[in-house]
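Scrolling down, you'll hit the structures one after another.
One chain, chain A, links the two complexes that follow: it is found with chain B in the first and with chain C in the second.
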Partner chain A sequence: MFRLEARTSTPAWFNLALPLLAIAVALVLCSGLIAVAGAGVIEAYGVMLSASLGDSYAITETLVRAAPMIFTGLAVAIAFRAKFWNIGAEGQLLAGAVASCAVGAIPMPGYLAMLLMALAGAAAGAVVALVPATLRVKFKVDDVVSSLLLNSVIYYALMALIEGPWKDTFSGYPLSPPIEDSANFPVLIEGTRLHLGVVVALIAAPLCWFLIARTTLGFRIRVTGENPEAARYGGINVQRVLLSTALLSGALAGLAGVGEVGGVHFQVMSDISPGYGYSGIVVAMLARLNPLGVVPAAIFLAAVMTGAEAMSRATGVPAFLSDVIQGTALLAMLVALLFTAYRIRRVGASA
Partner chain B sequence: MSAVFEQIFQVGFLAAIIRIATPLAFATLGEMFSERAGVLNLGIEGIMLLSAMAGFTAASLSGSLWLGVLVAVLVGALMGALHALFTVALGLSQHVCGIGVTLFSSGLAYFLYRLIFGQQSVPPSIDGFKPVPIPILSDIPILGPAVFNQFTLVYLAIVAIPLAAFVLYRTPWGLSVRMVGENPRAADSAGVSVIATRFQAVILGGALMGLAGAFLTMAQFNAFTFGVVSGRGWVAIALVVFGRWDPWRSAGAALLFAFVDALQLRMQASGLGHIPYEAFLMLPFIFTIIAMAFMSRNAVAPSALLKPFRREER
Partner chain C sequence: MSAPLIEMRGITKSFGAVKANETVDLSVAPGEILGLLGENGAGKTTLMNVLFGAYAPDAGEILVEGRPVAIHSSADALAAGIGMVHQHFHLAPRLTVLENLLIGIPGKSGRIDRSGGLARLKEIGRRHGLSLAPDLPVSALSVGEQQRLEIIKALFRGAKLLILDEPTAVLAPSEVDGLFAALRSMVGQGLGIIFISHKLNEVRALTHRCVVLRHGKVAGRVDHPASTTSAEMAKLMCGHEIAPPAKGASTPGASVLTLDGISTVGHGGTPLREVSLVVRAGEILGIAGVSGNGQRALADVISGMLPPKTGTMTIAGKAVAQFSPRELQALGLGRIPEDRMTTGLVTNLPLADSMVLPRIGTEAFSRKGLLDPAAIRAFAEEQIKAYDIRCPGPMARAGALSGGNLQKALLARELAFDPKVLIVSQPTRGLDIGAARFIHEKFLAMRAKGCGIIVIGEDLEELLMLSDRIAVMYEGCIAGTLSGADATVARLGLMMTGAEGHA
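Moving on to the complex of A and B:
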C-alpha cells in the first residue's frame, strides 16, 4: 500500500529532477501525436534536436529565440515569487516593443539609441505592469484577471498604431516604420542573427538571481510571497514590495520586446510575439521560479520551437507540435510540483 | 443623430448584434458556472478553439452539423474535466493551469487541423447552419426578422440564459454550486461534495464553451481559421466580472459588447469613423478593469474563487 504524506522540506535535487521529469513526460505524451501523424518518433525528435542544437548556427538561432523567453521567464518568476500574479507579460512585451520602436526611429548615435530603446521599453513594460499591481494594492482587484485583460488592451493599442499613424503608406501593410539602421543591435557572430540583446538576456538572469537571493529587496520579495503576514509583522511594507516587484517584472518583460525590435525584426508588426509572454509562464514554472533556471528552461522551449520547423519540413509532422509540447510541459510540471508538497510512502498492508 | 439611429435600427444591424452575442453568451455562461463553483478557468480561450476545430472537423467529415455540435460540446466538457482534474482534484493553482490548458488545447487544435486538412491557400469551408424563422414571431416588425429568423443555436442561447439562472438560483444543484464557491468548508459540513460539485460545474462550463466554439465554425464563419476565436475567451472572462457573476447580467454584458462590436464593424465598413476600430475592441477590457476597481470585488466575486479545497486541511 502507498500513502501520500505531507513533506516538510524538499531536497535540492528536485529543482533539477522535476523539470526534467516534466519535460520527459511531455515528450513521451507528444510522441503519440508524432505517431498519429505517421512519422517515426525517434526520427522526428532527432531532427528536432539536430536542427536546434546540432551545429553552431542552429545554436545561435535557438539562443536568438530563447532571449525573449528568458526575459519574460524572469519577469514571471520574479512576480510569482512575490505572489504578484502577473499573467500580463505578453502585453508588457508589446508595450516595450512599441516604445523601443518609437525611440529607435529617431536618428541619433547608435549606442545612445540602443540605450534609450532599452530604457524606454523597460519603462513602458513597467508602467503596464504597475496597473494591475496598483489596482490590487489600492482596490483589492484580482491581479490575475486584470493583468490578463490588459494584454488585449495593449494588443489593440498596438494594432491601432500600426493600422493608423504608423501604417506603411507605400505597401499598405500594417507594419511600423523601421528603426534607424544605426539603432539595429550589433550582430556578434558574422553570418548569424546572434545579437547584443541575447547576451544582455543571458546576463540578466544571474543579475536577477543575485537580486532575489542576495539583496534586501529580494529578501522582501520572497518573504512577501511566502508569508505576507510575517512580512508585515517584520516591518516590511508589503504594498510597496508588490509595486516594486511589478515595476521590475514589467521592465523585464518590456526588455523582451526591446530585443525583438532591436535585434530581430527592426520594426513592430501584429505578430511580433508568438505568445512569448505566455511562454514566460511555462519557462518560469519549469525553472521553479529560480532566475538561474530560467535560462535552460527558455533554451529548451526555444529549441523545441526552432526544431519543430525543421522537423515539419523533414517528416511532415505539423510544426504546431511545439505548441502542444509547451502546454503539456507546463501541465506536467504543475503535477510534478505535487512531489514538493507530498511524498509517496510505502506502508504496511494493514495500514 | 437621426442617421445614427437609422443605422442602429436596421434589421441587419440588430441581427448582427444577436449573432455576435451568441458565442459570447455561451462562453460567458460557461465561465460563470465554473467561477461560481470557485474555479477560474483561463483555459477558456483554448477550449473554445479546440471545440471549434473538433466540431468543424466532425461536421465536414460526417456531413452532419449537429454531430459537429455534439463533438464540440463533448470536447469542451472533456477539456473542462481536464482543468477540473488539475485544479479541483489535485488542487493546483488555477491561473497557471488555465494558461496551461489554453496553450495545450490551442496547440492541439492547430496541430490536428493542419494534420487533417493540410496547408491550403483557401481554408476549407462547410455549408453551415441556416436561419430557421420561427412562425408568427418572425413577422413582428424589425424585432421579428432580427431575433426570430436566426440559427437554432441562437435560440438555444436565448433559452440558455433563463435556464442558467434557474439552475443556479432555483435548483438544489445550483445551491450546491454557489455554496462550494462561497464557502466550501460549510458546504462540506452540510454534506455537499465540494470536489464532485466543482467537477460538475467546470465540466458544464467547458461544454458551454464548446457550444461557443461550435457556433463560430458552424454558424458564424463556416470555416476554421487559426484566428477564429481571437480573444473571445478573454472577452468572456471580462464579461463574467462585468456581469457580476450573474447569468442575466453576464448575458446583458455580452449583448452590450456585441452592440459595440457590431457598431465598430459598421463604422469600419462604411469608412465613417475617424476613431480607430481597435478603440472599440478595447472597451470591454478597459470597462471591466475600471468596474473591478469600483465594485470592491471581494463583496461580489465568489469568495472561494482561486482557492483549492482540501478536506484534510482544517
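Moving on to the complex of A and C:
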C-alpha cells in the first residue's frame, strides 16, 4: 500500500525534475493518440524534433514563436507570485497588439515608432489587467472569472474594429491597415524571421527575475502572495502591491502583442494569437513561476507548436496534437506539484 | 488491575538523523487519564501519531486490550478503538457539524444515514455534556466548538481511547473548565484518555498518571500528579531546575504610550469604547480579561491594523496620525501579534524574509528599492545566534520552525530595533516552560532598559508575574486597573466578570 506523507521541505532539484517529468509524462500519454491516428510514435516525435530544433532555421522559427509566450509566461508568473490570478493575458496581448498597430501606422522615424509601439502596447495591456485587479481590490470580485471573461470582451472588440473602421476596403478582408515599413522590427539574421522583439523577450526574463528576487517591490509581491495578512501587519500596502503587480503583468502581456505586430504580422487580424495568452499559464506553471524558467518552458511549447505542424504534414496526425500536449503537460505539472508538498511512502508491507 | 486499554512497548521512530521516539513504553487503563508531558520537540506528537497509525514505528509494538495489533492507518486505529484530536483540526469548514461527523461513515446503499447520525449525536451530547447544533456549518464554530466537534467525531466512531494533542493551547481559560468536565465524564464511563499539555497546573488538576518525554525518551513517570509540585515536573521535562525569572524593582519614567478616549467600530470582535490608558517607560502593563472583551481591538489599534473611530494615541510624546504599521514603527513601537503563524510570519518563505519583513523598506535592508541580500542574511544569522533560534538556517522555510522558535524570531525582529514601546498578545501561548521563561526574561530585560511593555494575555499567573500594573477589560472598556501588589487571581477574576470596578 502507498500513502502520501507531508514533506517538511522540498529539495532544490525538484524545480528542474518536476517540469521534465511532466513533459515526459505528457509525451508518453500523447504517443497513444499518435498511434490511434495511425502513425509511428518515434517517427512522429522525430519529425517534430527535427522540424522545430533540427537546423538553425527551424530554431529561429521556434524562437520567434517562443517570444510571445515568454512575455505572457512572465506576465502570468509575476501575477501568480502575488496570487493575482491573471487568466487574462490573452486579452492583454490583443489590446497590446491593437494599440501598437495604431501607433505603428503613424508615419515617424523607425526607432521612435518602435519605442512608442512598445510603450503603447504595454500601457494597453496594463490598463486591461487593471480592470480585474481593481474589481478585486475594491469589490472583492473573483479575479479568475473577471480576467478570463475580459478576454472575450477584448477579442470581440478587436473583431469589431477590424470588421468595422479598420476593415480593408479594397479586399474586404477583416484586416487592419499595416504598420509603416519603417516601424517593422529589424530582422537579426538575414533570411529568417528572427526579429528584435525576440531578443527583448530573452532580456525581459532575467530582468523580471531580478525584479522578483532583488527588489523591494518583488519582496512585497512575494510576501503578499504567500500571506497577505502578515504582509499587512508588516506594513505592506497589499492593495497597492496587487495593483502594481497587475500593471506589470498586463504590460508584459501587452508586449507579447507588440512583438507579434512589429515583428511577425505587421498588422492585426482575428487570429493574431493562437492562444499565446493561455499558453502563458502553461509556461508559467512549468517554470514553477520562476522568470528564468519561463524561457526554456516557452521554447518547449513553441517547439511543440512548430513541430506539430510539420508532423501533421509528414504523418497525417492532426496538428491539434500540439494543443493536447500542452494541456496534458499542464495537467501533469499540476499533479507533479503535489510532490513538492507530499512524498509517497510505502507502508504496511511488513508486519 | 485488568489488562490496560492500550499499551505501547519499546516504540522507536526516527526522522532521518532525529530520533523522535526511542524505546518508549506507556499504557493507559480504562477510566484513566494519562498525561503526556514534554518540551516542544520532545516527541509527544510523533508518539501519538504512531499510535494513531499516521507513522509506522521503526521498532516496538502496540497492544490493544492485551492483544498485539498492527495499525497502519487512522482507519486501523479507529477500528481498534483509538481516536485522536490533533493540534490542528481536520474538519471541512463548509460542511455542517453533522456532515463532518458522517464523513467516511458508510451509510445504507450509498445514502447518508442522517437520522441515525442525529440520534448518535444526541446520545453523545447527553452522556458527556458535549452538544453542538447539528446543522451549523463548521466555519461558524469557535475554536473551542471545533475542538468539541473533533472529540464528538472520535466518540462517534466508537473510540475507547481518546488522544488529545495540546487541546488547551487554543482555548480560553473559561473553555478549559468545560473541556475538563467532559473528559472527566468520559473516563467515568470507562474510556481512557491521553492528554498532552505543557501547562503543569492543568496536568496536575486533570490527570491520574503522567509520562514525561525528553529528547524522545521517557525521562520519568509521575504516579500522583496532584501531589507532585510543578517544579518537580518541570525538572523532569527540562532536565534541570527552572528558577522563576528575577524581576527587579522598576522606577517607571515618562509615559511612552498613551491612549485617550479610543473607540472603534466594525471589525468583527467587540469594539473599544472610550479606552484611555498610559504605559510608562520601564513599566509592564498587563491587560487581563475574558477573551472577546475588546482585547483584539485594542491590540489592533495599537499595532496599526485598525484605525480608531475617535480618540488619540501618542508614542513617546508624539501624536499618531495615520495608525499605519509603518508610522507606528517609525515612532518606536515594537509589535508581536497574537497569531504567529498567520499574522506574524510567512510560513512558505525563508525565515530571513519574515525577520526583515516590517523593515524591508528601510536603509537597514534595502537602498533605492533594491534589496541588500547580504544585509538581510547577516541580520537573520545574527539574530538566530543571539536568540538561539533552532533552525537549519536563515534560508529555511519559516513554517518548519516550532512555536517557541517562531516566537523568538518575532521577538528578535522587534527588539533588534530597540523599541520604546512593545505590544504583545498572548506571548507564550503554546510554548513550553523553557521557551516561555526565555520570553519572560527578555521582557524583563527590556523593562530594565526603559522600554514600556503592554502584555495582553489570558494567563493570569503570567500577567501577575510580569506586570507592574494590570488593567482589566470588560465589554470594550477598561473596567479597572490594579497595581501589581494589589492584584490577585481572585480579584482580577471578579473584575473580569464586570462585578467590581477600580480607578
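Methods note: the second predicted complex is superposed on the first by the 345 of 351 C-alpha atoms of A that agree within 3 Å, B and C clash if a C-alpha of one lies under 4 Å from a C-alpha of the other, contacts with A are read in each partner's own complex, and residues count from 1 in each chain.
To be clear about the criterion, a contact is a pair of C-beta atoms (placed from the backbone, for glycine too) under 8 Å apart; a residue touches a chain by one contact, two chains touch by 3 or more.
Since the model is a prediction, treat every value here as computed from it, not as a measurement.
J.: Mind checking chain B and chain C on superposed chain A, clash or fit?
T.: They clash.
J.: Can A:160 be said to touch chain B (first), chain C (second), both, or neither?
T.: A:160 sits against chain B, while chain C stays out of touch.
J.: Mind working out whether A:245 is in touch with chain B, chain C, both or neither, as first, second, both or neither?
T.: Touch status of A:245: no partner.
J.: Kindly classify A:52 by the partners it touches after superposition: chain B alone (first), chain C alone (second), both, or neither?
T.: The answer is neither, since A:52 touches no partner chain.
J.: Classify the contacts of A:233 with the two partner chains as first (chain B alone), second (chain C alone), both, or neither.
T.: Once the two structures are laid over each other on A, A:233 reaches chain C alone.
J.: Once the shared chain is lined up, is A:3 touching chain B (first), chain C (second), both, or neither of them?
T.: Once the two structures are laid over each other on A, A:3 reaches chain C alone.
J.: Have a look and say if chain B or chain C is in touch with more residues of chain A.
T.: Partner touching more chain A residues in the overlay: B.
J.: Counting only touches as set out at the top, which of chain B and chain C does A:220 meet: first, second, both, neither?
T.: second
J.: Would you find which stretch of chain C runs into chain B in the superposed arrangement, from 8-16, 26-34, 98-106 or 332-340?
T.: None of the options clash except 98-106.
J.: Of all the chain A residues, which ones make contact with chain B and with chain C?
T.: none
J.: Which residues of chain C touch chain A in their complex?
T.: Touching chain A: residues 56, 70, 72-73, 303-305, 324-326, 329, 335, 337, 342-349, 353-354, 357-358, 360-361, 366, 369-371, 373, 396-397, 400 of chain C.
J.: Which of the residues in chain A come into contact with chain B in the complex?
T.: So the residues of chain A touching chain B come out as 33, 36-37, 85, 87, 131, 135, 138-142, 144-146, 148-153, 155-157, 159-160, 163-164, 275, 278, 281-282, 285, 318, 320-328, 330-331, 334-335, 337-338.
J.: Using the touch definition from the top, list the residues of chain A that touch chain C in their complex.
T.: 1, 3, 8-9, 214-220, 222-223, 226-227, 229-236, 347-348, 351
J.: Okay, in this complex, where on chain B does chain A touch?
T.: For this pair, the touching residues of chain B are 40, 42, 46, 86, 90, 92-93, 95-97, 99-108, 110-111, 114-115, 231, 234-235, 237-238, 241, 276, 278-279, 281-282, 285-286, 288-289, 292-294, 296-298, 301, 305-306.
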